[in-house]
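Note that the chains are named A, B, C and D in the order they appear, and that numbering of residues resets to 1 at the start of each chain.
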Amino acid sequence: MNIDKRLVRKDSLEKLFDILKRNSKTIYAPFTKNGKSTFRDTESFGAISTGYIQTTESAKDIAFPRTEKLLDFSKSKEGMSVKGTDLNDIPDVILWGVRPCDASGIGELSSIFNWDYKDEIYINRLSKVTVFGFSCSKSDEYCFCTSVGGNPGNTAGSDILFTLLGEEGDYLAEIITEKGLAVVDLAQNLFEKTDISGKEKFLAELPVKFSHEDIRLKLDKFFESKEWIEQSLRCLGCGACAYVCPTCACFDIQDEAHGKKGSRVRCWDSCGFSHFTVHTSGYNPRNVQSARWRQRIMHKFSYMPERLSVYGCTGCGRCSRACPVDMNILEHLISIQEVTV
Amino acid sequence: MAEFEPKIVAFVCNWCTYAGADLTGTSRIKYASNVRIIRFPCTGRIDYMLLLKAFDEGADGIIVSGCHPNDCHYTSGNFHARRRWIMFRSLCDFTGIDTERIKFSWVSAAEGAKWAEIVNTTVASIRELGPYTDYKKVAKYPEKEVIHG
Amino acid sequence: MVDLIKRAKELLESSAVKVVIGYEQGTGNKTRALFVEKTEDADKLIFDSRCIQNLAAYVTKKEVKEKGKMAIAATLPVMRSIIQLASEFQVNDNNLLVLGITPESNLIEFANLVEVETFVHQYQIEIDARNKEMLDKLAKMTSAERWKFWVDELAPCFKCYACRAACPMCYCSRCTVDFNQPQWIPVPSTELGNLEWHIMRAMHLTGRCIDCDACYNACPLSIPINLLTKRMLVDAKEHFGNYQPSLKGDNLMSTYKPDDKENFIQ
Amino acid sequence: MMDNLYMPYLMRIERITYEAPGVKTFMLKFVNEADQDKFSYKAGQFGEYSVYGVGESTFCIASSPTRKGYIECTFRQTGKVTNALSGCEEGSIIGFRGPYGNVFPLDKWKGKNLLFIAGGIALPPMRCVIWNALDMRDNFKDVTIIYGARTVKDLVYKEELKDWELRKDVKLITTVDPGGESPDWKGEIGFVPTIVEKAAPSSKDTIAIVCGPPVMIKYTFPVLAKLGFADENIYTTLENRMKCGFGKCGRCNVGNVYVCKDGPVFTLAQLKELPDEY
């Protein structure tokens, strides 16, 4: 559909929030605790964090929760009964305040969960989500969306994209999808007709720092490079980067049971953990941190483009911000581009 | 509604308290039947994680008991255990785990009556405190569908 | 830090050590670990008040250790960690040289770990005022309030194990949570499982933690998990006397006294 | 509505065979007949077997698709799930989802000689294709099986080995590591690569299928090369750690190749293209 442009007054956002709540929508919005922001089920407009360049955690939780039931089982005298997750229980959710890099990350996550085998739990969760993207008017030294094909006003992945028109201004709302339109229908009078164009001047300026195509080509012959060892020497092998990443989808499957009842659950996992690939025999194909760091970069910039035709990185810079030892992905990618093979 | 019957798990050492509990029985001393006894070679072997798991699996109270100091079959197992209990108990206190629900005691093989008394007073006090709903609420998983942050 | 750069160059030139672990300028206002193997890279070494990462976490890292003898730029918490690690046989004079940085930011080189220990023992481990206040606040709460506090604080934990990775004392090649027979702690992030993990972490660090705050600084969600180990430190002091890491290896939780006092065992 | 990808079939353990110390074979039947009807697989594929409350474990389907109405799996008791499986009795219900992965291209092999080389617990992944080939025996020329284990006790499928030994249309060579023989052992003594070299099967018109512990594979490939086998005619199966089985969980990839989707069956020629991460 064509993108429909509307004007939303500054003070209308709160009204919109209330209308959505009255229509029994669950609203996931940025919430700050201990100075770190994540997306939470939010009851009041006032609780929503604002002014962030980027939330600490990504919004992927909404379609790919950190811990998620796949099925329930129970044993009884009559035998074993197994029941899959009831997809009808998934609520309609508004994902509020997502940055364009996060919104576009949904597409990359989906490419994994739709690859050949369709993961209907993920698909159903996502189908219930309406994404309210908010363009970026600020960026920091960790941002690099423009280097991986995005931009601070990218509409990809959002159902409605709000762009703040100047510091104290109103919002330009771009209605991108049918889902977005459905929201407009609930609050017609808040979305005023407008002929404003040219949101670009209100967006953050972010020069391109590297070429992701070049990186991909470079990686084809980079597997054995010593660069991986040098880059990963200070990496401590935690999972912070993977867990805050909007596109990291690696998971583990575990059974959690109490007595005769239990569930099989899917939970996040990370390729950075030393035990991620260990065979039962004890043999580990990726037995050093450099191999695991290489997997992380190769997966995002070589394997995913080759197999799924998308890059596994949106340039949000979260992993670099979250890293306890300052592994800066942007810096490492630039040095990969610069190093001669 | 039926009266609340506390579920108590007792972690005891083989050499003293288990033998003591045995004596309670052979002496025909009656005591509350709410206790499930789990026997260990020594109190030194009783990992604090086991106590947490007992609550996780629905216990309302816990008894940990072994040989009196200086009486350990392995000389020093209970001394090590005592240090661990001191620190674990204060960590429980700090994290808000109800320390009233974990009773520590020394019961020798000759103290059948003491064992009965420990069990009876524990059952009585847990009955007073009621079911450990605070813990069970948090352990409600896996009934809960999705755990968001 | 001119002294440090000079000394690092000398050590590398004379092959006295193969790698010098220090700090360099990181992204923005951050600093980060630097591994100097070539003398020319020593010029990147810096030291200032921002250098708070506990570098002792690297002396047990396989990939770093394999390089050969290490020298480490060590602030007081790092030195304490190293003494504790030495008492647990993880480092020794043959594989580690300590380039101490005094609280006054002066370079002080030690001939051996015994000298490091002597130096470290001049200073008491003190909990900072802000955290002390937090501990007091928690102490005044009711048990139920504390329970709620911790369940709420730990619920966001997604188990990235950055706390474990950043802690110099968490050097086990296979952590309890990586075992599945038995599975003590659920692999997924769950409310109770998170609590169990952090209780277990605090217990494993009791008598070993030297209060460097590496776990808290590493946590991407800034969960105040260091309060747990701090409280353990305070309580250990109260029950078993003043605690200092020591080469004698008499770790608090692996030793006992027949007259240890308690008031709760019936 | 789409099917839940993670929903296993309920399987009843019909029969348990004790194969070797710690090794058992389960014959599994579908609890729901409807599942049985829609289920089909080919030799080489694998599945996720689960004990409810414990977890899932990945291994191949060890029975031949030509034998209808059941599947079999053989596993060694090593980890959490295999321990729990080992504790199951006949009649117990376990979970199975699959089949996943690619297959041995039996159709492509028609008219050729087949040489199966297996070591230890790696006979099961090959058993499906051996029986599959034997059940359509006329399609192939000579069939040779070389199978070795550490000791006589560790040889799996002892009954079937007897069966194959008696068959005139199969040449079976069994071997045990030096020191692993029993007083009445009549087979070879020596490591698998050595025995392959000694047996010196012709590489002409022959497909070699090799399965075994990494060290056996490592030393067998050069022997086969010496015998004149082209890399394209040597097949093996990889067994990387997996959780999902269908290319999502992110564990099993070797470079950009996913063992669960692109494998587990690979030719040596394909393996040589892959980075050394398996």
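Just so it is clear, a contact is a pair of C-beta atoms (placed from the backbone, for glycine too) under 8 Å apart; a residue touches a chain by one contact, two chains touch by 3 or more.
Fair warning: this is a prediction, and the values are worked out from it, not measured in the lab.
A.B. asks: Which chain's mean C-alpha position is nearest the mean C-alpha position of the whole protein set?
C.D. replies: A
A.B. asks: If you average the CA coordinates per chain, which chain's centre is most distant from that of chain A?
C.D. replies: Following the centroid criterion, the farthest chain would be B.
A.B. asks: More contacting C-beta pairs: A-D or C-D?
C.D. replies: Here the pair linked by more C-beta pairs in contact is A-D.
A.B. asks: Please tell me the distance, in whole Å, between the geometric centres of chain C and chain D computed from their C-alpha atoms.
C.D. replies: Centre-to-centre distance between chain C and chain D: 47 Å.
A.B. asks: Averaging only over C-alpha atoms, locate the centres of chain A and chain D and give their separation in whole Å.
C.D. replies: Chain A and chain D have C-alpha centres separated by 39 Å.
A.B. asks: Would you kindly tell me how far, in whole Å, the mean C-alpha position of chain C lies from that of chain A?
C.D. replies: Whole-Å distance between the two chain centres: 32.
A.B. asks: Just give me the whole-number Å value for how far the CA centre of chain A lies from that of chain B.
C.D. replies: It comes to 45 Å between the two C-alpha centres.
A.B. asks: Could you check chain D for residues that touch two or more other chains and list them?
C.D. replies: Where chain D meets two or more other chains at a single residue, that happens at 55, 79.
A.B. asks: Out of chain A, which residues touch more than one other chain, so two or more?
C.D. replies: In chain A, 38, 57, 66-67, 85, 252, 254, 256-257, 262, 265 touch at least two other chains.
A.B. asks: For chain C, which residues are shared contacts with two or more other chains?
C.D. replies: Residues 156, 158, 188-190.
A.B. asks: Over in the complex, which chain C residues touch chain B? Could you list them?
C.D. replies: 138, 141, 143-151, 155-156, 158, 184-185, 188-193, 195-196, 199-200, 202-203, 206-207, 228, 231-232, 235-236, 239-240, 252-258, 260, 262, 264-266
A.B. asks: State the interface residues of chain C toward chain A in the complex, per the touch definition above.
C.D. replies: So the residues of chain C touching chain A come out as 26-28, 30-35, 53, 57-58, 61-64, 153, 156, 158-162, 164-166, 173-174, 178, 186-190, 217-224.
A.B. asks: Under the stated contact criterion, what part of chain A meets chain D in this complex?
C.D. replies: 70-71, 73, 75, 79-80, 82, 84-85, 87, 112-113, 115-121, 123, 223-224, 249-255, 257, 262, 264, 266, 269, 271, 276-281, 283, 285-286, 291, 295, 298-299, 302-303, 306-307
A.B. asks: Okay, in this complex, where on chain B does chain C touch?
C.D. replies: Residue list for chain B touching chain C: 48-49, 52-53, 56, 69-70, 76, 79-80, 82-91, 93-99, 103-106, 118, 134-135, 138-139, 141, 147, 149.
A.B. asks: Which residues of chain A touch chain C once you look at their complex with the stated criterion?
C.D. replies: 33-36, 38, 56-57, 66-67, 140-142, 229, 232-234, 236-240, 242-244, 252, 254, 256, 265, 267-268, 270, 273-275, 288-290, 320, 322-326, 328, 331
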